[in-house]
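Below is the structure I would like to discuss, written out as structure tokens.
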Amino acid sequence: MIRQMRVKTNARTELIDITQAVQRLVAESGVRSGLCYLHVPHTTSGVTINENTDPNVGMDILKELNKVIPFDDKYGHSEGNSAAHIKSSLVGVSKTIMVEEGRLALGTWQAIFFCEFDGPRERRVMVKVMKD
Amino acid sequence: MIRQMRVKTNARTELIDITQAVQRLVAESGVRSGLCYLHVPHTTSGVTINENTDPNVGMDILKELNKVIPFDDKYGHSEGNSAAHIKSSLVGVSKTIMVEEGRLALGTWQAIFFCEFDGPRERRVMVKVMKD
Amino acid sequence: MIRQMRVKTNARTELIDITQAVQRLVAESGVRSGLCYLHVPHTTSGVTINENTDPNVGMDILKELNKVIPFDDKYGHSEGNSAAHIKSSLVGVSKTIMVEEGRLALGTWQAIFFCEFDGPRERRVMVKVMKD
């Protein structure tokens, strides 16, 4: 069964911590030991795992990605959001996370971030939790 | 069981839409609900998920990757294809996609692309479809 | 069951081939056909699959990543290791690898590398091997 999560983004590029929302779906699934699969069904956003303690980390990630892949660079795509498509392919649209004792088995400093590269928009994340 | 898919590439760098070919393997597997694992067994190519409606999106992705990671940059690797190895590590060589009602659970605009970074060559994609 | 692997890194940025160590855990698991999930529980390192025959490939990957994402670039994060966080999100902290006949189903030239981006440190890799 695939569960759907809604994410509302507020800026052109933004990292949104979705760890607790994903953890809730893991808890609801009743799975104690298994795997949690995440998939972002969009082509101008993504999902990453990184530090959420200092908000500057997420801001540095976005600032540097936006510098390395500029918003405008003589792209051919007429919608004007090619940079977002490129960042999506670099960061990726899916993640697989181990589940142990009913919880996401992340490192101490790790959090799951929805990555908006062409917002603000209403977005979705697909979540599938499987037991061993 | 691991299925093998052949991909013939025609240029030094190229994105090839393999969605329908992967979907056929999913259909042949008979799996209605599960997961589809893709693995590219090469070190100078990769696999990504992105938009396939406007071909300019794929061209912009390649053009920008080729700009950020130049073909020549005083690399040490004697085969002269270090840029392809680097792009392979950035884009990644594997993907996990959910399967629902016998179909790849992709977003409306999402397609699966084989990413050639050192072609033209004869390439392979390994596919494993597992039911829940 | 999640197995833990220890990795000791020796430099600020470094690729360490962990293929044999992962293969040993696959063998110990007794799984003949299945999947091997890797997860790096850190936010300034990652895991990638690439060539291990010519050590220059790994050195070129690191040199180019360190050039595209400079160590210093007016980052806001006070710990001074933002570049490592960014590289971690680009390369990724997890991999899923098929297992066949008790072995990792990698391509001829493929190896699994732990990617240190903020070393030297004592690191861990979480490994979960599941049978079909």
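In this document, chain identifiers A, B and C correspond to the written order of the chains, with residue numbering beginning at 1 in each.
The definition used in the following text is that a residue touches a chain if its C-beta (ideal position, glycine included) is under 8 Å from a C-beta of that chain, and two chains touch if they have at least 3 such contacts.
Bear in mind that the values here come from a model prediction, so they are computed numbers and not experimental data.
Trainee: Hey, what angle do you get rotating chain A onto chain C on C-alpha, to the nearest 5 degrees?
Mentor: 120
Trainee: Interface overlap for chain A and chain B, more than half of numbers shared or less than half: same or different?
Mentor: different
Trainee: Using mean CA coordinates as chain centres, what's the chain A-chain B distance in Å?
Mentor: Here the centre of chain B sits 20 Å away from the centre of chain A.
Trainee: Can you list the chain B residues in contact with two or more other chains?
Mentor: Residues 68, 90, 92, 96 of chain B touch two or more partner chains.
Trainee: Which stretch or stretches of chain B touch chain A in the complex?
Mentor: Touching chain A from chain B are residues 33, 35, 48-51, 54, 56-57, 59-61, 63-65, 67-68, 90-92, 95-98, 100, 105-110, 132.
Trainee: Can you name the residues of chain B that touch chain C in the complex?
Mentor: My answer: residues 1-2, 37, 39-43, 68-69, 73, 75-79, 82-83, 85-86, 88-90, 92-94, 96, 126, 128, 130.
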